[in-house]
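Residue numbering begins at 1 within each chain, and the chains themselves are lettered A, B, C, D and E in the order written.
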Amino acid sequence: MRDELQKRVVKGPDGVEFEVEPLKDYYCEAPPAEHPPAYLKIVEDLFNWARSQSLWILGFGTGCGAIEMRPLMTPRFDAYRYGVQWRPTPRQSNLFIISGYLSVKTLKRVIRSYEQMQNPKYVVGLGSCTINGGMYWDSYNTIKRLDDYLPVDLYIAGCMPRPEALLAGFETLKHIIREGKAEGANLYARNFDWYKANQKKVIHDWDMPDYNW
Amino acid sequence: MALYTPDRSQYPAALPDGSLEFDLASGKYLKLWQGPQHPGITGNMSLELTVCGDEIVHARTHVGYLHRGFEKLMERRTFIQCFPIVCRICVPEPDFNEYCYAQAVEELAGIEAPERARWIRTLILEMGRINSYMMYLGGQAGSLGQAVIGQWTTYGRDLMLDRFEELTGARIYHMFILPGGVRDGLPDGFETRMEETLREIERIMADVEDVMFHNAVFKTRTVGQGIIRPEWIEDYGVTGPNARAAGVVKDVRKDQPYLVYPELDFEPVSGTDSDVFTRADVRRRDVHVSIDLVRQILARMPKDGPLMAKVPNVLHWKIPKGETYVRGECSRGEYGYYLVTDGSGYPRRVNVRGPSYTHAMALLEKMIVGVNIADVAGLMVSLHTYPPEIER
Amino acid sequence: MDFDWMKIPYALLTLFIVVNYGMLQNALIAKIGARVGRRRGIPIWQNYADLIKNYSIRSSITHGVMYYLGPVFRLSGGVGLLLFVPSLYGSEMFSNLSFAGDLILALYFIFFGTLGMALGAAESGHPYAAIGITRGLQQVSAAELPMALAVFSVALQYQTLSVTEIVAAQQGGFQNWTLFTNPLAVAAAMLSFLGSMMRPPFDVVLAPQEIPIGPPTEYHSSYLALMQTNRAIFPIAKIVIYMNLFFGGATIWPEFFLKVFLIYMVSVLVGVVHPRFRVEQSIRWFLVWAVPIGILSIVLV
Amino acid sequence: MSLKDVLSPFTAWKYVFRDPVTIENPLRDRPGAARYRGFHKNDPELCIGCGTCETICQNGAIDMVPAPGRDPRQGDSALRPRIDYGRCCWCALCVDVCMTKSLSMSNEYIWVDRDPDAFRFTPGIDSKRWDSAELGYHRPEHHRLVPEHRPHMGELEPEERIGSFAEIVDGYTVEQARAEADRCVSCGLCIATCPAHMDIPNYIAAIRDGDYRHGLELLYRTNPFSEICGRVCTHKCETVCAAGHTGEPVAIRWLKRHIVDQVPYEQYRDVLAPPAPATGRTVAVVGAGPAGLTAAFDLARLGHAVTVYEALDKPGGMTRWGIPEYRLPYDIIDRDVDVIRSMGVDLRCGQRIGGDVTLGQLRDGHDAVVLALGLQMGRATRIPGSDHPDVRKAVDLLRQATAGEDFGTPQQAVVIGGGNVAMDIARTLARLQKQAFGTVRVTVTALEDFAHFLADPDEIKESFEEGVVILDARGPQAVVIEDGEVAGLKTWKVKSIFDEQGRFAPSYDETDEMIHPGSMVVEAIGQMTDTALLGEDLTEKLAWNRGRLQVDAKGRTSEPWLWAAGDMVRGPDVVSAVADGHRVAAGIHAALTGKEDQA
Amino acid sequence: MRALLDSLKSLYPLDDIVLQRPDLAFATVPAAQVRGLLHHLKEREGFTHLVLLTAVDWLEDGMFQLTYLLHDRARARDLGLRTLIRRDRATMDGIHDLWPTAATYQRELKEMFGIDFPGSPGVDDPFVLEGWTDLPPYRRDFDTKDFSERNFNHREGRVTHDPAAHMKRHLYPDEA
């Protein structure tokens, strides 16, 4: 058996050590790899500029916040003019907007979608629910802190955040990307075991229907 | 005129217990998942389709992606604490939750909202209905690839959201109708700005009619598609525009009038053909009814008067043992709250009856069989379902 | 015929101009479409950012060789189509690699991309891609029929299979354009054109609402960038054929740009305001409306 | 399907030639509406830290945290709400319920941050860019989630009550009491202000639940004089009541009374646990007023043998002898005292210390001695003529009235003083006049103006209703004596009472002179303690502070065996006396059980 | 409504009748009679619309209350039928043959309350939950807050103070 599939003890970013058994704990065949930025800074800067100007949102309305996506993409706010558009498939998207609370069932699909997205990829948490559980803080079926399960680049306060707040969030995100600080995908790859352990703690049923997405 | 009529006598084979057998290994059938991550699905749910060629032979609706356990959460919140969370049960038209919940609590607590509050509640419900329909129309056109309609109607909805914002203080979750009454009266000059908004929405609706409804391609795709058969109306508890488009002219606003509807002048809209086009058309015409109702309400509502009934200190509000069911006609059909109290400060049980519960589950699974893959999205949207009210 | 090696750099120059024009024109068209939707739309340079972004994606996964080759075929279809048809009539630099029988080759290239895509998308293993590609092939076949009929009609009319010669025959004033000399053929071809531009009502191939964008659903990063480049080239290349066959070709770049834009706008004009047909409905539509016109045009010639 | 269906869609293209409706700069051009429920604001000066916002928040989004630079004080916990925007849903229930209207919302709604822990802040304390936003949601005036008015309490009509000493107020009915108890938000700010730190929120909750026995149990935990305090407590708690900031404060005193009214008196003893086993220690208490009896009650329950010596023939102290019957019926006092007695307290009335029994004897016979003498001597104005026999002290008259002695009710009387005692004597005289002569002719002259009056507003209102004339800002100058008989009182208009240093030094407008006719002048300007029983030696030995016996925090005097409590130490106030009784009892218990150091 | 209730009372053992509104009544029926009565109401009395089917957990009594709410579209009136079944033997006959849509309700009740409806299509399939191992969540003895605290991480650093206790600590720490 390959080394990375052996049962072992790893240390998370919070310093806590825990045991993982990849064959049981992951449902992907290979853990994601870290990808370094381009060798030349000027090239990476150009790339980051392009990435910041071309935010493709995955069309996955995970919660209430999805309701504000339509105003965002329509005449009133017209996010297209800021280089934002939505894509129907995770392969082509580089921005995942977690629009509010995530039920455990959705979290599983979100993780799958997130892992299908390509590096670099960004996650924006929308509203109270992604920060600390929001109004569903005592619900048995929603996660409370998104950053336990996915690397989050940005949070936007509100319930729901208005389209204007989202646009402000995009501006901030662009700034972060241009500074080269939006390395969530690499963070995820680096702390994969930790994220997986957290995910596994709440998702008791790892079986995924044979989705075609 | 169908180019090709599949022969359904041979397959899929029926098992002895009546269920269908799909031998996926045969290559004859394909499992196709739509959603939850899928733009054609209204909201976060998923369809498990078994297709044969381009045709769906079996479908299963999967929900639960938005389940937050409202009914459980409300059992450990006081009556006033339930008020902010109920609106989250249905995102695009949250006000019906607020109304039904407030009305149910008032009924069991033996208080009555003041006259002016009841007018304002009606106003909000009709504004929300317009919004919901606008969103639906955009979605219906969008599901068939006509993006421009969604652009216009969302703009109209945005204008209405501005009115909501100035009236209620929020865009989406208004949290304005609370047990006992409403929070506040109309802001100054609201009527004028509302009239401007209504005119703009009427212009948009005229364009929608020209571009969407008088459209050969749209008609090709929708006329005769997705018919709800008469016997399904009762079998699957179909209500609202879905039923009215099938000729069942039942509208809670007329049949069991609530709030100030008895004083308003309107006729329920209905159709006969029960296909996707008729359902869309019923809703389009209903927008005009709602616009007219909003005008009537603004013209006739009392300008002064209390907005809240005398409620006890909400922190210790206890309601005697009892149970009731309060319904309203929301844009998708019958919306209802079944509230059981046990004399404590917390609801014993709240059950939310969203119209999508039956429309998107049993009815959709039934209707979708035999439909082309390309029509699934359009059919689903035409039932006008919002998943959060299914699983709550 | 001696092959003039200078044609190659000239052709590359054409390619360069067309790619950039295509990118800008796509953005402009998007802006026009947005305008109908009462909004502003993307910045005019948006496609460049998207392109660089896609090239800059660090990771990518592949589903096999054909998956790789899909976009390559598609792009070579577009490039080939462009390069074997003269862009500017009478210009030494921009006649590209045109030759006597180039019309037939062009017709082949129009199909070539779709076939390549079919292979690649099929390898991606995604059922939506498969469904999309099935629809695509069906629809392209149906749409090609009136186009082929129109081309026959034109070839019969001008008694040549060389695009250059067909253009030459149309010089000397707009009354010489095929548009006016053989309107039925143009009508059939333009109906086919609607069908091949991936715009409503004939975009059921992509249909994001039902089969999330169909064939390219699994494509990402550089693969997608390749396809995006093709999106800039291919429509223009196709329009160049139409322009040359039916609208008198172009002798200078401004004329080229204008005509390409206007012809493109025909599909936009229809596309922006319509929903889409189901695939069998569009096939029927081509058979009922476009094919008879095409046959009629041949008969009349 | 017609030709129209083919052509009509193209009308959409008209928009190409129209301006888009897109908002140019959504971040700048879209301020929230005037009522927008955006980010929270709080006025830290107005906020009292009652935590009602935290209670109502269904999201658990609010924490009450100490605000830097603020210390708790009466009516302000110095806590301020800290809001977690990882929980908040912007329902504004906290704003609606805010008892002071300090909490509101701005119309600002954009907050983006990388750090998920950043979304917590204390509005008004942590400065935010929306602190000065003018627009945003404020609770509309009419929108109340907590009722602002007390239910009306039944009381005797003035005509009816003036003729007798019957109790004026009815007390709440059960419905009224529930309604009033319902108004309490259970913040508990009042507990600190109550001298006895009674568990006010919980006994009010007991009323809401109808669990009066539990309520009574809670009352007895901190106050064995609930019957008395339920009627005549100075209810300082109500001055800090959170409900009082935007409405009427909760009628805490009446609610307390309601509990004792509701529990049948026979059950009182069942509510109380039996006293602890006897310790063999003995304590003597001098004075059967609230302080002395409270100390006796506590000590007896702790198992000590307590003997109470009372000079007068009935227990109760100033509550009996100083407060008129129409405010506090005497049988009420008996009820409270009987419960205390049932704890094993040996109450000996008519035993004046210094006569048959001396303080020295008490010292020798007991492990500790508590002095709870009260303030039973009236202070004199010492104005000319005030030594006349018909110039009387209010406390003396009240004592005589209680005892039923006839002190010669004057046809017309003038009262000097503006406190509750002045009102008590004025209204007592008014009743006696009504009974004797049929008309009320009492004039009260107070130094303070109405804006700074010392007596309770209720007292003033009821006095007026009963025909008492109250003149504010009048400084007494001389008693007018004609033919050896008191004829009235001469007063000047008061310009100010205190000098610039804040010392008592009234200045008068001599041109505004009035003569108030009356055949009796009553001085009601304050009381003091008769400390004669201490004897000279002890008086010498003890430490004094401004004429009051000096005691430590536990009530112990400079003589270790001698403790002091009540009005003589704290000044006149029933509930303070009760609190003092507890304090001294706790001190004695600690001393007797040798836990003094640990305590 | 009164007339209807009276006539029903003569046919079925109705109990605990509450006329909540002129157009809404509730009544309790023994579990064995439910199907018969529903059938009667649907076929004879015009109550053709099944509005909802849900349950109430009376944990203290050890009973589940099932509520069948029917609507008579023609006369615009509602009738809620309650039936009590034992919590420890939570099984009930399905009504999916009367109303096919009831299967969905029954599936939900099975999952959220643990009430079984043998023979109801798909009743054992998970409905909204996935991988659920705890008590059925709508049961009263399931504590959602406790579950949430055990199962999910909440953001640390939250501390609150009780105003009364805080004031006591600062203003009169030594007193009772």
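Note that in this section contacts are C-beta pairs under 8 Å (C-beta built on N, C-alpha and C of every residue); 3 or more make two chains touch, one makes a residue touch a chain.
Model, not experiment: these values are computed from the prediction.
Enquirer: Most remote chain relative to chain C, going by C-alpha centroids?
Expert: The most remote chain is D.
Enquirer: By C-alpha centroids, what is the most central chain here?
Expert: Per-chain C-alpha centroids compared to the overall one single out B.
Enquirer: Farthest chain from chain A, going by the mean of C-alpha atoms per chain?
Expert: D
Enquirer: Count the C-beta contact pairs for C-D and for A-C, then tell me which is higher.
Expert: Looking at C-D and A-C side by side, A-C shows more C-beta contacts.
Enquirer: Quick one: chain A and chain E, Cα centre-to-centre, how many Å?
Expert: Averaging C-alpha atoms per chain gives centres 37 Å apart.
Enquirer: On a C-alpha centroid basis, what's the spacing between chain D and chain E, in Å?
Expert: Measuring from centre to centre gives 49 Å for this pair.
Enquirer: Go ahead and note the Å separation of the Cα centroids belonging to chain A and chain D.
Expert: Those two chain centres are 58 Å apart.
Enquirer: As a quick test, compute the distance in whole Å between the mean CA positions of chain B and chain C.
Expert: Centre-to-centre distance between chain B and chain C: 43 Å.
Enquirer: In chain D, what residues contact two or more other chains?
Expert: 9, 12, 20-22, 58, 84, 86, 89-90, 116
Enquirer: Which chain A residues touch at least two other chains?
Expert: Answer for chain A, listing residues that touch two or more other chains: 59, 74-76, 78, 81, 88, 105, 131-133, 135, 137-142, 145, 159, 162, 212-213.
Enquirer: For chain C, jot down the residues that touch at least 2 other chains.
Expert: Chain C, residues with two or more chain partners: 34, 36-40, 127-128, 208, 212, 272-274.
Enquirer: Once the touch criterion is applied, which pairs of chains come out as touching?
Expert: So the chains that touch one another pair up as A-B, A-C, A-D, A-E, B-C, B-D, B-E, C-D, D-E.
Enquirer: Which of the residues in chain D come into contact with chain A in the complex?
Expert: Residues 20-23, 26-27, 30, 39, 58-61, 84-90, 109-116, 119.
Enquirer: Write out the stretch or stretches of chain E touching chain B in their complex.
Expert: 18, 20-21, 23-24, 26, 48-52, 54-57, 67, 69, 73, 76, 78, 80, 99-101, 103-104, 126-130, 137-138, 140, 142, 144-145
Enquirer: In the complex, go through chain B and note every residue touching chain D.
Expert: 77-78, 80-85, 148, 155, 162, 165-170, 173, 175, 183-184, 187, 207, 210-212, 214-217, 219-220, 306-308, 310-316
Enquirer: In the complex, go through chain C and note every residue touching chain B.
Expert: 33, 36-39, 127-128, 131, 200-201, 203-204, 207-212, 272-281, 284
Enquirer: Using the touch definition up top, name the residues of chain A that touch chain B in the complex.
Expert: Per the stated touch rule, the residues are 58-64, 66-68, 70-71, 74-76, 86, 88, 90, 101, 103, 105-106, 109, 113, 135-136, 138-142, 159-160, 162, 209-213.
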